[in-house]
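As structure tokens, here come the structures.
The two complexes that follow have chain A in common; it is paired with chain B in the first and with chain C in the second.
On to the complex of A and B.
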């Protein structure tokens, strides 16, 4: 397919053109080249690629991307879209770190934030490992494409035993003029043994222009550390958002991840976790809310490598108009991982006859003493509940909104940090208010 | 003017097309309490749903006027806002919706409907406390999600509290006594009695006579096979208690 190949090359070029890593060490150049080579071999995934069966990136191939312009940096932070969190802020604009608006100094004891180019220059071990790890790009075309042309990012290090009370907040802003832009943020997070920290990511857009954010994040959580990791995907409606998060957990780690997805034209939130220790509590949860012409994909992979760990996964979605949701969840239990306890559930609520959900739960188990279950439900609003509300004078429209809100807010219970749950709750309310306006306009 | 006037009401289940109500006639004047008694399957609950405007029933004949309004022309929420209140046989659990939010939304929907100003959270709280106090109830259950994890008695008390707050002019109580022990039944009956007044009409739907030991009706109607078979005073209830519904259904109920 020469046409596809030409598109792949154009994408590769768009990303490589953006790379700002002059004078980086040789190993970095080699990693970039390996990324480019892997992407060229795999190509941009289509529905024919099993892992991308329900999410095609064909639409991307037809866009021609310009390199992000330098003055994009001046954009204001769209506070209405960003999660309302009093945090230690790191601002990326079109994938590049805006140092002037990022908290790089005077940080709490035990926390270090370093611009990625510097961390590469200093040969930081975690960064070097992340960028050279073949496992991070093998069979993963978009992660490979990211590696081929990293735009920027940060290294976040939480020292052993440090307890960082204030959330760290990465605000990734995409913005484009008439020509679409593509960028590839790469962030590396290292949480030392017995440390505690919270990371919130807000992915947002400014303006009407189309952009493609293709990010990769590495998270390493050392023994007995607690790491809360929350993500708000609230990109511009014309944007493409593809994000890969690689998580590795040591002994007795608590890792809880929650992703709220409501923005972008097409978004894929992929989390691959390796539970490389015993007695880990690993949770990946989320909420997705799709309206007209939106496609929201959550793909997760959980590998239990050692015995006695627990994984929990609950996603809840609401699909309105012709919105489309995709959930793919795989749990792999390796032979040594006896007494694994895994639970996975995707619930989707369809609000329109044109909405669609594709769920693909998968278990692959090699140990013989494990407890794993998975499930998926699809439903509509409950008629008895609707009638009860209407019989008390509440209009059909308000009653439906109340029930949707209750259904979604219930999922927020999974977030272990209350102020983040609250901040994400306001995004749910805002989404419903927008939905109400659409309905009013239509009636 | 009558509060509620039902004339020759016929209604069927929309899906099956099966006729359940086969010509109901009933007039309720302001201040009156009517009891409809009947065996299971007589159409009692269907009548309450048709009055409240539940989807799934088709009125094939007859009319229902509420004050000067054609009730059947109104949506369920409009009927509620006009002053019709259905106390459910099985109040529905709504996880994630706090009772307080739900009831404030309900009251404000009614106020908005009548062009009145909506109450803010503080004003509403004050009102609810007063109403709960007048019924000798706490307002604790409103802090929980609507009906979630409530005992049978709590659910029914919650219905009565909602009724007190929304101040309907017509209360339809569908099998309010089902699933209640005597203590809970008394509490609920006290609540209903406290809400009786000269402007408000009540329609009690019940299978058993025992509710009527606590709430004295002005009129009793026996319903069977989709029709009101006989009407009378409260002594009719006692007669039914003795003889059962056999005279009306042809078999012992």
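On to the complex of A and C.
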């Protein structure tokens, strides 16, 4: 126990040292302190904590992380790893905004991108709310750790009624090196009423070795706005990636999220959505592909607080070699949220005898007039489909690969922006090609 | 130096001896002192004339129990139980005799009537007359026992079994639910007072449904019941537990343990109807039902099937499970859990697939009304060796009224690529259309709800043995009384 505590403290120090917010207002200092206090109380989660039952961060505590140095900005953007979309780029290196390579000016009308330190200095309402919100860190040790030592980030504001056609693209780069760095990006997104925008996040790494990215993103979507939010987690294979996304939706909002996870040694992508309005269409979908020594966790929480909203969730995973997948999804329907329609599904395919999937779809329902269902399947490819292909002269090996690809690509249908679906599709193809090479090498 | 050691030894000896003999004098008394202590456990064991190994096992459990904490992960809230305020051993109480049914609580009689219990049986249940006054219990029991003996079936109380079949009990007791298993099971190991023991020899198909109702020598098994059922190769047994009639009990905490062992090609069917006192509308005074039930499919092609209808108790915490060790073994769980008023139920199952081609089916129907909370919590786990394992899970929840809650918490863990697991869960309410349809045909709202809910539970109800099925259907209606309108 005392050992764990020491590790927690070391981690806290590594993050706090990075905080580049000299001269920030008092409330910011108080928020940071609250984050540190919450983290100290909760500690790094192990599988004794129900919310982290299948993903223990114990291993993380024994590693020593350094605060990233400021000269890391010289790194090249690894174009092969990021999602290929021609977007409005915002580049973060080890959690800090690289202003020279980020589009902060000459933006489309209605879009404003502000470095986080500036937004704090200007006392931006959305940022202030996000950082001071106790609910955003309560019982959430890693979000609290982020608050305790924010490395940097941006505020993205989409004005009321604005329609931003070009996707906004946040590229977060971690630099892997001999001495692993730890960083905590914090991004705040505010989408005004009746506005429309798309945000894509690419989380990637350069170099060999490890690093720890612990990000928190706040998304507030005001009434009747449409917001597409997609994420590619393609971190370096030895990296740790923990991400928390807090989403709040107003009346008649359309919010759709898709997360493609294939990088990192250990990754947890957690999305907590509060449906604080009626007639919301809320979707969280994703694909996860794990190979050797990878542990990919997708955790979602959907709270229906008002009547007549709909939530949809489909996650699909493939687990190869000794890869491990974790899916935890919870739908909470509060008493006033009558006529809620909730659907949740996790499908997983184990491709190896050493792979593992742990799935926990959960419903907590307090309103009687609701339609909620969830499902989970784990299993092999359909024998009939395999037979069909083989009967047409396709080898078993090729037939299996075709079916796996079809199974994964099917999930991309949920992405509403074609360009992004294409870009993510190439990542799936690349992953399968890599797998085919492994198989060839083995045979 | 040596002298000091000697003194210490002497003092220690004194201590233990005093302990041992100081208690013997009390053994004639009918009641152990209140509270949980090693002395009480020794007292229970002595009272039951148990062999030394049994006492040792109890004490081992007690030692372990002292290191444990009460679990709090279930989605139930209740006033904690003061374990020091419980009598762990008391001789059966002599019930106050009533002269006729007129003296019985009319509310209780009304329930009996709805259940369709014959008048004679009503008298027994209400405590007006003893069982043997109606049936010639001795002859029934003897006939029963004689017939079973012909087949070599052993059906007796566990205390009897400990004395008469120690080799069997020693071999199997705690082999499915070890003494260190969980807080309430460990407590049960230390202080269990009685329960049933069933042994079906190789190749025997038990000729009748075994029911606790006819178990002879059944004393007041009390709150810590212990059941052990062993089905040898190729045998079959169907066991019925509980009673559809409301059971009142002065013991608030019920921490039973049930262990089932099915050897090669054996099948055990275990059915429960639980209707203990749920407390008043606020749940006050209701039973806490914290039960550990687990079956091991030890042999190839063995099968264990759990069917439960849970309508009583203020708080239920129960997960009948199957450990599917043998290849091609089968586990089943059929459950109906009804909670009304302030009742809380957190129930489900665990299916652990170890052997090849093991199969499990889970059908759970939760009905929540009033201010009740009903949770399904289940685990399906496939280990790497469980080639071709298959699971199908269906959990449906029905909400009646807008003050209740229905929750589903399944855990699915798979480590074998050839395993197939499917989980489905839905939540719904009784539709206006269904009620309207029934009303049109002249049914009262209460009857309509009963019919609709019975339809909702049909898949589980059809698994119940005939003896239970009819009464259980009525019970569903009664449990939901006052939940609509």
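Just so we're on the same page, the second predicted complex is superposed on the first by the 440 of 443 C-alpha atoms of A that agree within 3 Å, B and C clash if a C-alpha of one lies under 4 Å from a C-alpha of the other, contacts with A are read in each partner's own complex, and residues count from 1 in each chain.
The rule is simple: a residue touches a chain if its C-beta (ideal position, glycine included) is under 8 Å from a C-beta of that chain, and two chains touch if they have at least 3 such contacts.
Every value quoted in this text rests on a predicted model; they were computed, and no experiment measured them.
**Student:** Between chain B and chain C, whom does A:355 touch in the aligned arrangement: first, second, both, or neither?
**Tutor:** A:355: touches chain C, not chain B.
**Student:** In the superposed arrangement, does A:373 touch chain B (first), chain C (second), both or neither?
**Tutor:** second
**Student:** Just chain B (first), just chain C (second), both, or neither: which does A:16 touch?
**Tutor:** Neither partner.
**Student:** Quick check for you: in the superposed arrangement, does A:310 touch first (chain B), second (chain C), both or neither?
**Tutor:** neither
**Student:** Quick check for you: in the superposed arrangement, does A:365 touch first (chain B), second (chain C), both or neither?
**Tutor:** So A:365 only meets chain C here.
**Student:** Looking at A:335, would you say it contacts chain B, chain C, both, or neither? Reply first, second, both or neither.
**Tutor:** second
**Student:** Specify the partner with more touching residues on chain A, choosing between chain B and chain C.
**Tutor:** Counting contacted residues of chain A, the larger count belongs to C.
**Student:** Would you sort A:391 into first (chain B), second (chain C), both or neither based on which partner it touches?
**Tutor:** A:391: touches chain B, not chain C.
**Student:** Note which residues of chain C are touching chain A in the complex, please.
**Tutor:** Contact set of chain C toward chain A: 73, 382, 384, 397, 399-429.
**Student:** Report the residues of chain A in contact with chain B in the complex, numbered from low to high.
**Tutor:** Within the complex, chain A touches chain B at residues 383-385, 387-396, 398-399, 402-403, 405-407, 409-410.
**Student:** Could you pull out which chain A residues touch chain C in their complex?
**Tutor:** Touching chain C from chain A are residues 50, 335, 338, 348-380.
**Student:** Show me the residue ranges of chain B that touch chain A in the complex, using the header's touch definition.
**Tutor:** 52-55, 75-77, 80-81, 85-86, 88, 91-92, 94-97, 101-103, 105-107, 109-110, 113, 145-146, 162, 166
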